[in-house]
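Just below sit the structures, each encoded as structure tokens.
The following pair of complexes shares a single chain, chain A, combined with chain B in the former and chain C in the latter.
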Partner chain A sequence: MGIVIAALLKVAIILAAPPLLLGVIARVKARIAGRVGPPLLQPYFDIAKLLRKDSVISPTTSWLFVAGPAIALVAALIAAALVPVGDGGALWAFDGDFIALAYVLGLARFFTVAAALDTGSSFEGMGAAREATFACLAEPAFVLGLLAVAHATGSVSLSAFLGPSLASVWTGAGASSVLVAGGLLVVLLAENSRIPVDDPTTHLELTMVHEVMVLDHGGPLLGVVLYGAAIKLFVFATLLVKLAVPIHGGALAWLAYLGGLAVAAIAIGVIESVTARLRMSHVPAFLLAATLLCGLAVVLQAR
Partner chain B sequence: MIWCLAALGVLFASAIAALILRTHLYATLGALLAALLALPAAFAVLAGAHFADVVVPWGQPLGEIRLGLDPLSAFFAIPLLALGATCAAYGAAYLRSRCVPAALFNVLAGAMLLVLLARDGIVFLVAWELMTLASYGLVTFDHAQPEVRRAGWVYLVASHLGVACILSAFLLLGDSTLSFADFARHGTPVAATLAVIGFGVKAGVVPLHVWLPEAHAAAPSHVSALMSAVLIKLGIYGLLRTISFVPAFPWGPVLLALGSAGALVGIALAFYQRDIKRALAYSTVENAGIVLIGLGLGMWGAAHGRPAIAALGLAGGLLHVWNHAVVKCLLFLAAGGLVHGAGTRDLEQMGGLGARMPRLARMLVLGGVAIAALPPLGAFASEWLIYVGLLHGNTQPLLFVVAALATAGAMAALCFVRVIGIALLGHPRSRAAADAHEPGRGLVGPAVVLAALAIAMPFAAPLAVRAIAPVAAQLGADLDVAAVDEALAPALILSGAVWLGGILAFLAIRRVVRRRRAAETWGCGYTAPSPRMQYTAASFAEGLHRLLPRALRAKVEAAPPAELFPSPARLAVDRRDPFTRAAYEPLLDRLARRFSQLRWVQQGLLHIYILYVVIAVVLGLVIVTLRDGWAS
Partner chain C sequence: MRAEAIALPGTAAVLAMSNGEARPLAHVPRHDVASFRRLVAHAPATGRRVSALFACAIDERPSLLAVLADDGGGALELARTTVDGAAYPAITPDNPEVHLFEREIAEQTSLVPEGHPWMKPVRFPPGRGEIGVAPFYRIEGGEVHEVAVGPVHAGVIEPGHFRFQCYGETILHLEISLGYQHRGIERAFLGGPHKRSAVLAETLAGDTTIGHASAYCQTVEALAGAVVPPRALALRACALELERVANHVGDLGALSGDIGFLPAAAFHGRLRGDYLNLTAELCGSRFGRGLVRPGGVRFDVAREVAGRIVERLAAALRDTEDTAHLMWDTASVQARFEETGHVPTDVARQLGLVGVAARASNLHRDVRSTHPHGYYRFVHVPASTLPQGDVFARAYLRFLEVRRSVELLRRELPILPEGPIRGEVPELRPEHVAVSLVEGWRGEICHVALTDARGRFATYKVVDPSFHNWTGLAYACRGQQVSDFPLCNKSFNLSYCGHDL
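== the complex of A and B ==
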């Protein structure tokens, strides 16, 4: 019975919590900028409003234009089922699940990029090219980072190596854990189009990555895109929190997890407030640095 | 076994019939009939049946002629026969009434079957050579174009350098006979290395892959499909045979290194190609690398006493052979339809074809998702097994192979979303693309069949694993089917979840957006957009292309306008294979110059040549006498 309740709780969190992260980030940024900021629940209002609107769709597009947001949302939900939310593992855990996570997110990217190219717009093509390019650089960092942790714990499932055995890694191989946490933070910022890689609030199409890809998605489609993006941010934030806060068992673990998510959102807000966006040509170096950090974390474990 | 011989006979006889009667019909029917005859036998062998070898009582110089069908042969014969028939049906529609290519196609299929059946070096080499010559004839089908003749020439030279290595390896392995049964006793590392080089040329192992993009781009699409799907795999078949001859060789590390290099370099060269078929050909190099990673992992696991890992590696690698064969065949056939419709292989001249040929476009999207090994299609299940095996290996070199494979996966996604996005989506980039139309049923039908296979493959993977078990046993690894099934289960559930969720979400969202208005794509305030403003194939790949190591990049020569007022500008991009450009061409040029200094040996006078013969004979006698004297 307890298991069922825990699982339902996790499903509820996966479905309900992600937009709140966006709200927290926006609020933190506004406060640092000296403004009051939108309500914490503003992303929910936005999504609800968008879902009620009519759609404006370009005659150039095909079925892929609708498939892009749909598959991105489904992939994000599947990814969320693979990460260990709260305490006691993920909804669905198996050997190699973090590779499956990377591939499911790859599928989402494939269709989002295809939907962007479907409009025939040069700006959306530009965003699509950048998204696909940066993904090629973020992928090795992400995989190597999680591999380093997997290697240290000797297990190959997210729920296992971000579970109880993680504490011993922090005491035994703390250095490489710090490196991995740094690398994963960079991957989080890049994959979720945050500053310094991408600016989600910019108003110049030329400087965007993710936002420019969905320029032509409006109304319900944009709502789905926003919700999917929120879930993706939630997935990466969960990975980072579970890695950084190795507390397991009981209410304390839940508290630490939820607190960790809040801290992660605040941290992203602070990073976005105090750093400038990188020049587009400098982003690869930033991502390669993350790959090097995570690669070093793997090498450090040679004993 | 008798059915295989019948299929062989049908293939060759129908080729001759097609030539004599000057109609392609007999050749096409022959290919279909051969598949019907031999496929049941091949499946029976994988299901556990044993057929006695056929020995032809015909003494050839180095032993008797022996033909056999063991699990390893049967495993490779199945894609050959099935895809051969599919491609032949497509070819009948593609080249209409041409009888010579249809006949050559059957000769190629027959030669490949003979390669698989051969149990001694002589028959193997003869069939191998016949296969090369038949495919050369098909590659140079459009021989009026100079670049096609060049591609054929590169293919011929590379193949023969490969054959030279295979022949040397066989001579080292064989003693008094060239029967495969005797090879195992003489396995040496030198012979294994030669075989790796020789078969590596056919398998597209980097850096021996240079013929592959040229030949695949030049050949008619159904020939490219068969070459990519089956002919390349025969190189892998040769490697596997060699493994059974020379078990004492560090196969694991060698294959893992070659595979990782092939996967990364192959896809790094694929994603910036302008020619759609060259992009597909380089992706074949990538996938051959992935197969080698799987096989290398299998050998590594077997050598280190880790049977579970060996099972995952071998199952993944071999399954990938089938998956890639189906998916790449699908992609080449669909690309052939595009090329047929748009009249060009140049991605920059396509665009908007999805709206003009919707059925073919769906097949290409499906193939693109499948070849990038994304769930829920084809190659995902096989790559998944390799991943799980590598993860369980859990040593640092293997972990870096995981990272290489993941990076190659992300780049493959970029490569194929680019092909789809630039060729099928957006506005047409040329008049020909705007006027394109869906090709006839003969060109779409085979692609539909293959697409259905690609959808079914992941769910049929458990069955395929059972078929692979005897092949693995032949390679000296006891395949634990239950362990592979356990590793495979999440991938299958994931594929099902993606299909179910994707279709439901798509239908639901399409319902929601039913209330819609049509308005032109947002041009960011610009009021006179033109199709030429779209992102091009080159600009899509530009970001990642600039990050490649210089040695893998295309050679760009740019002379931008420099002065105050606009002056003529020039941009030339050389997308030839960087290995050809930077290594082989200069090397061969230098060799040719050195050898030209030996021209004086050829005097063109008969008595001089007789003198050479006399000198050679005397020298030979002296050497033999000295050696015998030394021995006694």
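== the complex of A and C ==
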């Protein structure tokens, strides 16, 4: 019975919490800029508003255009099921699930890019090229980082290696954990189109990475895109929090987890406020640095 | 230098006059086409730049009139020629800074500059084809792709079409096509001055209300021989500097916004409002509408209001400096600004850039110090220049100018000259020509007016600084990343309607 309740709680958090992260980030950014900022629940209002609207779909597009956001959302939900939310394991855990996580995220990206190319717009083609390029560079960091943790804990499932055995890794191999956390933070910023890689609030098509790919999506489709993006951010934030705060068992673990998510959102808001965007040609170097951090963690583990 | 120009073989003299002066039209020397062409083509070699070149009818014959600015000598030199026939040899191949002027001439008259390298419409006036439809420069190749932006943009900005030839993320060439806001405003001045003419002048470029209104009023006052009271001149200068400060600070905020540096974007945005509100203290309008009128200004400033403005300026400047230093001290901001959108000095000179864009490329071009008129004859504004020519230089120069302008305002506002604020404006003298230059916040604003036998405007020519500088932006983007275009664009922040007129 307890397991069922815990699972239902996790499902509820996965479905309901992600947009709140966006709300917290927006609020932090506004406060630092000296503004009051939108309500914390604004992302929910936005998504609800978009879901009620009609869509205009270009006649030049095919089924891919609609499939893109839908598949991206489903993939994000699967990814959320694969990561250990709160205390205990993930909703769905198996050996090698961290590789599956990388592929599920890759699947979402593939269909988002395909939907963008489907419009035939030069903007969206440009955004798709950028997204694909940066993802290629972010993925090694992501996989290497998880590999380092997997090696340290001697397990091959996210639920296991982000579980209780992680605490001993922090005391035994703290250096590599710090490196992985740093690398994953960079990947989080890049994968979720945050500053310094992308600017989620810009209106300048020529500078966008992720946003420009979904310019033609409107109404419910855009709502789905926003919701999917929020869940993706939630997945990465969960990974980072579970890695950085190895507290397990009981209410304290839940508290640490939820507090960790809030701190992560605030940290993202602060990072976005104190740095400008990188020049796009410098983004690969930034992602390469993340790969090096995670690669170094693997080397430290394997020596 | 100057003697050389006059001594060029086959070149007749030019009419040298100063800014804000009117002379009989008959005094403008008439050249044959060849010698006129030589005069304008050699202008850069003799230290002059072309402030205006336009077609007009003098003695009912199609003529070209050139206004060359000799920044070193502080003189404006006028010359004209009469074109018989439908064509004349284009000057652009020898002096590229007139390329847009010649396209404009071809568009407004039936004269054809033969040999112009890129002949296409400037503003697509009615009857000259569909707006925006013209051949674009194109680079062919399997890997080259074209990106078209506008005329409808994602932000609430003016319409303009930008056509990029890209190789991957690199811009090989950018062509800018404007004209979507052409209102025929130069034509609306003809037969004037009317009561509405000053209002029209204010709307030439809405963010340069004081600048264009001052240029218009100087033109009218020169033609009428009106004497403007010193207090009015001082108030005009104060309003002009407030306009400069507000726009420069707004630009710093916009530049921060483009690179996602939000605190500076938000604070500069707020401060721009503070400075605009000070203009509202002067005249009730945040943009200075209704303040500058021929003969003087319409609103006086009481001593205590001036004192209040000075106090608020001090507070605003303190905040502006804090915010600006946040930008200069943040490495990620500097990484974006430095070496982006570089315009070398010689290119800036060849393209005839003016204002902030020219000074950021190490050209000393500031009408306030080279061709002072009005209150600037009494107060000296040191012109700042920077050698880099990149986005950083254009941003930092704005900051330096904000400081200088606030300094001037805080010095002059408490000691405004006493006296009336408006003088009589007699009828305009017939068959005269007047040239008026004002250093608006973007750069040199040039108004040239010719009167007919009744003392009404027969020709009214407006050259907004944007007209000179749009090509500079196109050049600055060459070899840059596509994603850096908005940043380069903001660093110039040119007017669409000022170009389209």
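One rule holds for everything that comes next: the second predicted complex is superposed on the first by the 301 of 303 C-alpha atoms of A that agree within 3 Å, B and C clash if a C-alpha of one lies under 4 Å from a C-alpha of the other, contacts with A are read in each partner's own complex, and residues count from 1 in each chain.
Keep in mind that, in the parts below, contacts are C-beta pairs under 8 Å (C-beta built on N, C-alpha and C of every residue); 3 or more make two chains touch, one makes a residue touch a chain.
Since the structure is predicted, the reported quantities are computational estimates derived from the model, not experimental observations.
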{"item": "Touched partner set for A:Gly2, first chain B, second chain C, both or neither", "value": "neither"}
{"item": "Partner chain(s) touched by A:Asp199 [first = chain B, second = chain C, both, neither]", "value": "second"}
{"item": "Partner chain(s) touched by A:Ala33 [first = chain B, second = chain C, both, neither]", "value": "second"}
{"item": "First, second, both or neither for A:Val299, with chain B first and chain C second", "value": "first"}
{"item": "Which of chain B and chain C A:Asp54 touches, first, second, both or neither", "value": "first"}
{"item": "First, second, both or neither for A:Thr207, with chain B first and chain C second", "value": "second"}
{"item": "First, second, both or neither for A:Ala276, with chain B first and chain C second", "value": "second"}
{"item": "Which superposed partner A:Val74 touches (first chain B, second chain C, both, neither)", "value": "first"}
{"item": "Overlapping contact positions on chain A, where the chain C interface meets the chain B interface", "value": "122-123, 125-126, 130, 205"}
{"item": "Touching residues (chain side chain A, partner chain B) in the complex", "value": "51, 54-62, 64, 66-67, 69-71, 73-75, 77-78, 92, 94-97, 99-100, 102-104, 106-107, 109-110, 113-114, 116-126, 128-130, 132-133, 135-137, 139-140, 142-144, 147, 150-151, 154, 156, 205, 215-216, 219-221, 224, 284, 295, 298-299, 301-302"}
{"item": "Of chain C, residues touching chain A in the complex", "value": "145-149, 154-155, 169, 256, 258-263, 265-267, 270, 330, 332-333, 335-336, 340, 481-487"}
{"item": "Residues of chain B touching chain A in the complex", "value": "351-352, 354-355, 358, 361, 365, 368-369, 372-375, 380, 384, 387-388, 391-392, 394, 396, 399-400, 402-403, 406-407, 409-411, 413-414, 416-418, 420-422, 425-427, 487, 489-491, 494, 497-498, 501-502, 504-506, 508-510, 512-513, 515-524, 529, 531, 533-535, 539-544, 547"}
{"item": "Sites on chain A touched by chain C in the complex", "value": "29, 32-35, 122-123, 125-126, 130, 195-196, 199, 201-207, 272-282"}
